[in-house]
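You will see two complexes here that share chain A, one where it goes with chain B and one where it goes with chain C.
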Partner chain A sequence: MNVLEIKNLTKKFSDFIAVDNMSLTVAEGEIFGFLGANGAGKSTTINMIAGLLRSNEGVINILGKNAAKNSRFAKMNIGMVPQDLAIYEDMTAYENVKFFAGLYGLRGQELNERVEEALEFVGLQDKHKSYPNSFSGGMKRRLNIACAIAHRPKLIIMDEPTVGIDPQSRNYILNSVRKLNEMGCTIIYTSHYMEEVEEICSRIAIIDHGKIIAEGTKEQLKSIITNTKDLWIEVKSTEKVNVESIKAINGVEAVQIDENLIKINSDTGVNNLNKIIEHFINSHLEIRSLQEKAPNLETVFLTLTGRNLRDQ
Partner chain B sequence: MKDILWLIQNTLSVTFRKKKNIILYLCMPLIGIFISLLVYGGDQKAILHVGIVNQDNSEIASDTIKFLKGLENVKVVEIPNAKTKDKIISGDVDSVITFEKGYSESVLSGNPAHIQITSIKGAQITGFVKSYLYQYVDNISTISIAAAGNQQTFKQMYHDFQQTNYKLTTHSLEDTSKNKNMTNQTIGFLIMIMLMSAGNMSEIILLDKENRTYFRLLSTPINARKYLLANVSVNMIIMTIQVLITLTIMKILFNIGISMSFWQAAFVMILFSFISVGLNLVIVAFSNSRSAAGAMQNLIITPTVMISGCFWPVEVMPKTLQKIADFLPQRWTLATLTKLQEGNSFSSLSLNFMILIAFAAAFFLIAVYRFSRNNSTQNFV
Partner chain C sequence: MDFWIIFSKLALLIFIAFTCVRTDISHISWVVFAILLYFCLNITLNIFKRISIKRILLLLSIGISITSYFEINSLFILLLPFALIELTADFFNKKIIILLISIVPIININEALQPLYGIVTIFCFMIFTIISVYGDRLIKNEEQMDSMRKTLQKMTKNLNENTEYIRQSEYTFKLEERNRISQEIHDKIGHSITGALFQMEAAKRLIETDKLKATELLQNAINISKDGIENIRLTLKNMKPPSEQVGIHRIKLMIDEFAAKHQFKTVLTHDGNLDIITPIQWKIIHENTIEALTNTMKYSNATLVSVELKVLNKMIRVEIKDNGSGADKIKKGLGIIGMEERTASLNGKIIVDGTRGFSVTTLLPIHS
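Entry: the complex of A and B
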């Protein structure tokens, strides 16, 4: 059964088209990744799925039912983890989760058990009585998640749940996503972090300018670009690097600068290693190291969109 | 419905766990009572000390003095002429009434004069005695005119009048200006606190939007309409509590007799609660941040509360301001209460109630219209 079906979904903000005729299907049991740069339209899509935004065109079905016409049913089955923290500072962690769970109609003993369960799930079971203002960024993010899962939704939508947090909290969150999935939840996961999406998602959609430009398992996505490879050259200083002239070298598809690393994506069919090294020597760029990389999602993304995932 | 109740219950419990809010919402309304006690003197049975200077020495003058002595809450001492000023300044008496020579003739001729009332505490203090005294004097004048110079008739009527009058003098201060003023002061302050409380509670809407919790709420089975309804309900609950507490304490503990039925007063004030929520929803609907709403509240609430006579009687203000006050709901609320106090029957005030309801309805309509427009531009379902 399909947990989510989106057909020809379009959202305009006055003249600006944020989501452009998007169609998508997510089956039960998937962890579905939305990958896209800032402003690609991920949150807009997710907000429409969660019933927070009205679409201009298109249909959204949740568990086979039209979400616009069965909004209560849809909302009862969705747990939304918003991109921006949405928790009450003047309520304890326990009260926060209890409050939101109560809105789904849970009461009494069952409510308390579910709240306990949700807090334990995100590792905040020792923090029942603490107020969020005493929490680290990661703990707040975890509480933000707990508030969305206590009512045991079929579909959990997470909009960048790991943005700006410490690695420990991040691992915790990734593990809980896996656990939720094992327990039968279908998950839509949005992120800027390629590694995360690559690590946990069973299927991925790459979104750019409101459109899905590629969709599939990570293997499928990588196979799109196996005719290219990555060359990482570390230099002492990138000041003198001229990206355009590197791109002009035969076979080079994309060039990206990441601190002292120059990442060159190049056609496997062209042997241009000599030319590239020659260019560096001629430009008086001191090469410190040189690596050839197998393609990963980052390269897929870069080749498909010509953009970096994160703003530099 | 279940989710609305959950929202209401949660908002109330979070609100009242803060001491600051308990003080603001439950204790502040009582400050009006303390202020009016300070301004108008607390004890209803307070004794008014009146010094009498009798220069007329006629039968009518001494009967008048007897009448004053008979008034409840009034203690009369006769003082020699020369000591008038000293007595007042030293605080031995609150006011001095002088019956000058010619008093009795002027009364009998139907044109009372030669009465002097001196007081340093102002009109509120003497108002009560004055009104009774003038009433009494007017009555005797009327009798004199009716007798048309016939001594016998006058004596008879005068005698009868004295008899009935003694029965009347057990009037207490119930419906005096002092009492009216105390009620006005207390309710006026209550009105301001209610407006401020509703302002704070309505700002929760903006706070929820700023904290993004509003959007999360909309992803649950709560929708915008239910959310608004819950906020209005919380507002109404808090204001109803404020009204009941204030009226109860006025009535029982402090014994400020509001000379109208408790429930009639409560009814009027609860009508005003709707106006208060409505007005504050309009403010919130037109602001996009809490600071903007706060500024608008200050700009709207404080001046209108002052103009409409919540702190001082409207009569002391210039005519133009009084005219403006006629367009303010606070004025209509106070006026309706005054009418009730003056003994008008509840049913005769239906026009006043209609006007109060119209104010509330107008505010609610504007707010709802504006909210739905906000929502359609931002597309929140």
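Entry: the complex of A and C
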């Protein structure tokens, strides 16, 4: 079942087209990543999905129902973690979560249980009575997440949830994203940190200038660019290197010798690392260092758009 | 059909009435009573639809004619055959049996009436048979006509639908053709005229100071205009453009021409296996490049334009990028929309970026 279906979505701010005829589907159980530079249209798209912005054209279906016509249903099934923190500094952590969960109609015993559950999930169960102004950036982000998940939504949208926080909190958040996914939530994750998206997302859309320019799994996206990777092996001396016999190894496309460096270009679809290393050992070549130069999402983005993700 | 039966019965009644009046019988009131009774029964017969009531009424009129035969006047027996025929017609298919049954009472009636009774029976039988035969035929014909009417209706509906479909497709073709022509005019003729205009503007400025140069520019403009006219002719005649050099050479030629005519340098680079680019993809690359170069010429004040063609593993990427003023906000004009539509027809995407100079990137998927 598709949790989210977007058809021909367009959003204009006067002359500026922020989202341009975008179509995509997110199936249940996916962690779907929106990868794009600042201003590419990620947040605009997300705000339209969450019902915070109206589109100029196009349809958004949440769990098979038109979100514009069933806005209450759509909102009940979406948990939105906004990029700008949406927590009240003058309420305790507990009150914050309770407030947001209450907006979704939770009451009484159930409300208290869900609030406890959400706070425990983000690891703030000891900070019940603390005010957010005493929190670190990472804790505020976690509280922000707790506010969005207490009503147990099917679809959780996280807009840059790791901006400006310490690595520890970042790992905690990434882990909780995985855990939420294991619990059955579908997640839409936007980031301009390529490593995060590459690490947790099952499917990724590369967005630029309001358009999806490529979509698929990490492997599919990388295979758009190339189906080979480079292996750079530094040896003590290249005298004994037999280029032809390395080329004979399954998957190896080209071999190049550059001083002490042997550059092996090989098919990404074949796992031949063992055989290559075996060959070096059998040839009594002393390996000094070994580097794999496989394309990453950054390369994919750069190659397709001509710009770096963090360029402005 | 019923009308003729009623009419025959009426004729019989009139015959009986007249005969009774002529023979001047004594108890005329009883005769009138019997006639009216019979009349009523046979009228009601036609009112009821239920077959059982009809049979009861028929039996009653048989009773009346027999009783009247014995008690009032022997002529009333003449009313018997019709009732008998009508009653038995429902039970027997063979006409001859019906005739035999209705003729049987002849044995029991008085001798003077026997011939008359025989004639009347045959007369009634004939009328009844004719009516039922033609009635059946009528029903059959009506049914046939009904089914034909239905077929006709279906046909008309089909015809209407087809006409509508033809109208629709005509409309679609018109739209497509109009689209093609407007695109063609914009892409080719528009560009020629823009080019010629630029040359003429320049000539106007130079005409006082440097006549030679001005003449040269005017000659250029004339040549471009000639090309433009040729293009119009080709477009209007819907002729395919002559098969020129294809692929990268064609792009190179076009870029060089652009550089020769205008005040900017061009660089063309390519990477990857160009052989897998299909003719239709080349066409789109070519048209998008012309479009992007024209835009650069019109708006950018650029001094350098680079065209980069990369064949990746599963995608072709063409970027036309200038070092001009760019644009913060990009307004989609006919040109950009044209590029988008062309590219989308091959499932490709266009990225237009105006943040550092102006760049148009065409991404086309490779289908293996």
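Basically, the second predicted complex is superposed on the first by the 244 of 312 C-alpha atoms of A that agree within 3 Å, B and C clash if a C-alpha of one lies under 4 Å from a C-alpha of the other, contacts with A are read in each partner's own complex, and residues count from 1 in each chain.
By our rule, a residue touches a chain if its C-beta (ideal position, glycine included) is under 8 Å from a C-beta of that chain, and two chains touch if they have at least 3 such contacts.
A quick note: this is a predicted structure, and the numbers were derived from the prediction, not measured.
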item	value
Fit or clash between chain C and chain B when superposed on chain A	fit
First (chain B), second (chain C), both or neither touched by A:277	neither
Of chain B and chain C, the chain that contacts the larger number of chain A residues	B
Partner chain(s) touched by A:85 [first = chain B, second = chain C, both, neither]	first
Partner chain in contact with A:53 - chain B first, chain C second, else both or neither	first
Partner chain(s) touched by A:15 [first = chain B, second = chain C, both, neither]	second
Chain B versus chain C as contact partner of A:27, first or second or both or neither	neither
Contacts of A:71 with chain B and chain C, given as first, second, both or neither	first
Partner chain(s) touched by A:208 [first = chain B, second = chain C, both, neither]	second
Per-pair minimum CA distance [chain C against chain B, superposed on A] in Å	19
In the complex, chain A residues that touch chain C	15-17, 208-209, 211-214, 223-227, 303-307, 312
Chain C - residues contacting chain A, complex	310, 312-315, 317, 319, 321, 329-332, 349, 351-353, 355, 359, 361, 363
Interfacial residue positions of chain B with respect to chain A in the complex	2-3, 6-7, 10, 14, 18, 211-213, 215-223, 379-381
Complex interface listing, chain A residues touching chain B	47, 50-54, 71-72, 75-76, 78, 80, 82, 84-91, 99-100, 102-105, 147
